[in-house]
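Labels run A, B, C and D following the written order; every chain starts at residue 1.
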């Protein structure tokens, strides 16, 4: 059993989490640990792991989490924006079957999507920027999913985005989706891994991967907002390429943007 | 102005519609008319046309409706199931811009989709049949859209489906989506046109078309449930091909199925 | 053993063929026969069948010929222009393995191709018309292959080209590739079949087919000169579409063009 | 005018080249120079540059050579094996038009190709290894093209192949295609550039590139023998992937293989 606080104790678990988890101490203790051991430590701290799986190479998180925690303590969710590639939907299904897990696939709010598309059409992000659409299709469903949770696990890495992820820590308080009353922590086990490390893992352990990765895609998001990159391009150049480089976050990790907590 | 009953009259329009439209008389009067004149007659009868546009060759309905009725009297809606092809989304946008119309794009209910996909994954239709998924992603949003309407216009043709559409009429009462209290009529201006007629029109009038039609697709629906057909195949063989042939309707036109009105 | 003239006789076979085959009589006797029986009669007349296989739906010729003649009496050749689709090359290989036959794949002359491409590049046909390129990549290798032969079998059909194939006969003298000294005959067993007949046969007998047929291609030639067609388009509109309609022959069947024999 | 030996002198140029070019001295003098300056030095030494252009990122050689030598002194040739991707053929044409150059496109020998494919089909390399097919489609036409030349320029880089190209020099004697009587030298201006350097150049100077690079392809060869690679894979893993890693050369640069000169 997990040595962590209280999901099974008589005392209310959330308060315990709030008072007992210190991200800085976690970083100090585990910063040099492998992703697997970071996940193990997180599981021991929280007694449960909720993994955000985007349908891309963060599938390694699913693979690793199931190695350090019992299946019923690993919750995996994905955000289906309604605009993903066919290959991504097929990959979700493959992962679900391969690991024999429940995959909690979240969907956007009907009224919000209809209001946006009926007013601005289906490609407003090319004119208005991606934040409005991401807000409706990704951020709101994520907020619903995270509500009340003490911790979530993400696949963020420092090498993904020089502009926004270079100061990423393996554990941090998520002030974007948590609150003072309901603190939320984020575990980023892949912080120090490079893209190459992730792909070495995928190939070494025969982890299933999204077929888009065989078509030149590195970073994968929604179909109209993702494109393959050229050899030598930074993976983030395949995302929202019509916008200024430097601050590319869909809002899931708004914490990485300057003053995110206050905006 | 439309000579039809009452959208602009002082009397409540819906009741008038209910009592005054006789589909059999309409068929008798217009069965040999061109699709354009059928639409004209329908507009004169109802004072407004609500066109269901699937993202396929029924784009001719949009083109024709705008030739017989003022733009503000032509309402066009589409059902975005969250699983359409990228080409179809792009086509919606092209049609919206080409005709400079509002396109009312309907989306499925968040809770219903999440309940289905989290329990059964994203491809349950291959095992369970397509009706559950179509019910959530197409039929329910359609029902919402049609609520309270007196009439809708569809692109159905007799040649589309020997099994279910051979008795199609240019006008009929829609007992699947209407009710005794709220009668709903369906106008099918393309009833007597063949696929070839439709494509002759598209090419003759430079009507925009879905790029999937250049990739072997004839009938177009959701991405996982549509495929290109071989030369000489009936277009309906490209839909739900893993199921028995003969009764292929997604539920939008359940009226075509035996006892649809009672099931 | 074939009852036909002379491949196994002591007398020189070609002269016998020259003097003994009467295409008009063959047409009179077999015009209403099935393609299979036309092939059977041709085999009986000539004692051997040399089938021209383009990599498209004329694969039915291969299938049928092997039903009416022993394998060693059926010679199949194809013309690899150096510009075919990957799918066509794969299909050649599949046919070769499926029927366990030798496939005589002809290739263009090095000097002729180099002279053309170094002077005019690889897409001169879009400016100059397709005849120069077809002449080098298809017609010359065909002429080499046919040299000395008494007969060849082609997949031509009347419904393929209203402009050039409407008068096609099931047997004819090939004055384009034969000569007075060396007469050559052409057998066209599919003359009276429609595209639909061919495809019914392919599906009924599980004949392998080119994967391009699942991508909207009907008629298939070289990659830069073939494209998918729209629903309802005539298959020939997918070939050399930048040229005037009406006289689309690559030169293999120049006989079909007005005055072909004299030009 | 080129300051180099003899193309314009009264003395026969080839003999001069033979006796006067010292690749070791060239390396010592230019090893730290930029690719552009290496090409400049090579042009000064030989008075002419014959560039081998594969249809991939070695297009930078064409771009650079035209910056250091007059157009009529830059000869560019490519090897059309008859099995390239449509995208590569289109790229050849784009390069030809973009730089307004003659592109000498070499083609394989008819008899040799026919003998191979009629005996073994079109995919024998998957069973027999790629050397037989490469020998016919690439190496023989290259040998013809290089006959009598004093020097050729290639896009080889050390980072392309740890196994075979790590000792590559910017200039070397080509004992695979030259002879004692007819010495041939090879200039490899990109020896010290990485893939990233090449791509920075392509993007910085808007050099046209093969559309396959937008589909996950890095190294590009024949269609059946090239595939996209995954993120983090070495580019050479996309070539002849069914064979042992380590000695992947098509024969153009057999010199890189152990004992190539003697085998």
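Operating definition for what follows: a contact is a pair of C-beta atoms (placed from the backbone, for glycine too) under 8 Å apart; a residue touches a chain by one contact, two chains touch by 3 or more.
In UniProt terms, the chains line up like this: A, B, C, D = Adenosine 5'-phosphosulfate reductase.
All figures in this text were calculated on a predicted structure; none of them were measured in a lab.
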Item to check | Contact-graph separation of chain A and chain C, given in steps at minimum | outcome: 2
Checklist entry - Which chains lie in contact with each of chain A and chain D? => result none
Item to check | Chain centre separation in whole Å, for chain B relative to chain A (CA means) | outcome: 39
Item to check | Distance from chain C to chain B - Cα centre to Cα centre, in angstrom | outcome: 44
Next on the checklist: Nearest whole angstrom, what separates the Cα centre of chain B from the Cα centre of chain D?
Outcome noted: 57
Checklist entry - So which bits of chain C are touching at least two other chains? => result none
Item to check | Of all residues in chain B, those that touch chain A in their complex | outcome: 80, 82-83, 85-86, 89-90, 92-93, 96-97, 102-110, 113-114, 117-118, 121-123, 141, 223-224
Checklist entry - Which residues of chain A touch chain D in their complex? => result 57, 195-196, 198-200, 202-203, 209, 213-218, 227-228, 230-233, 235
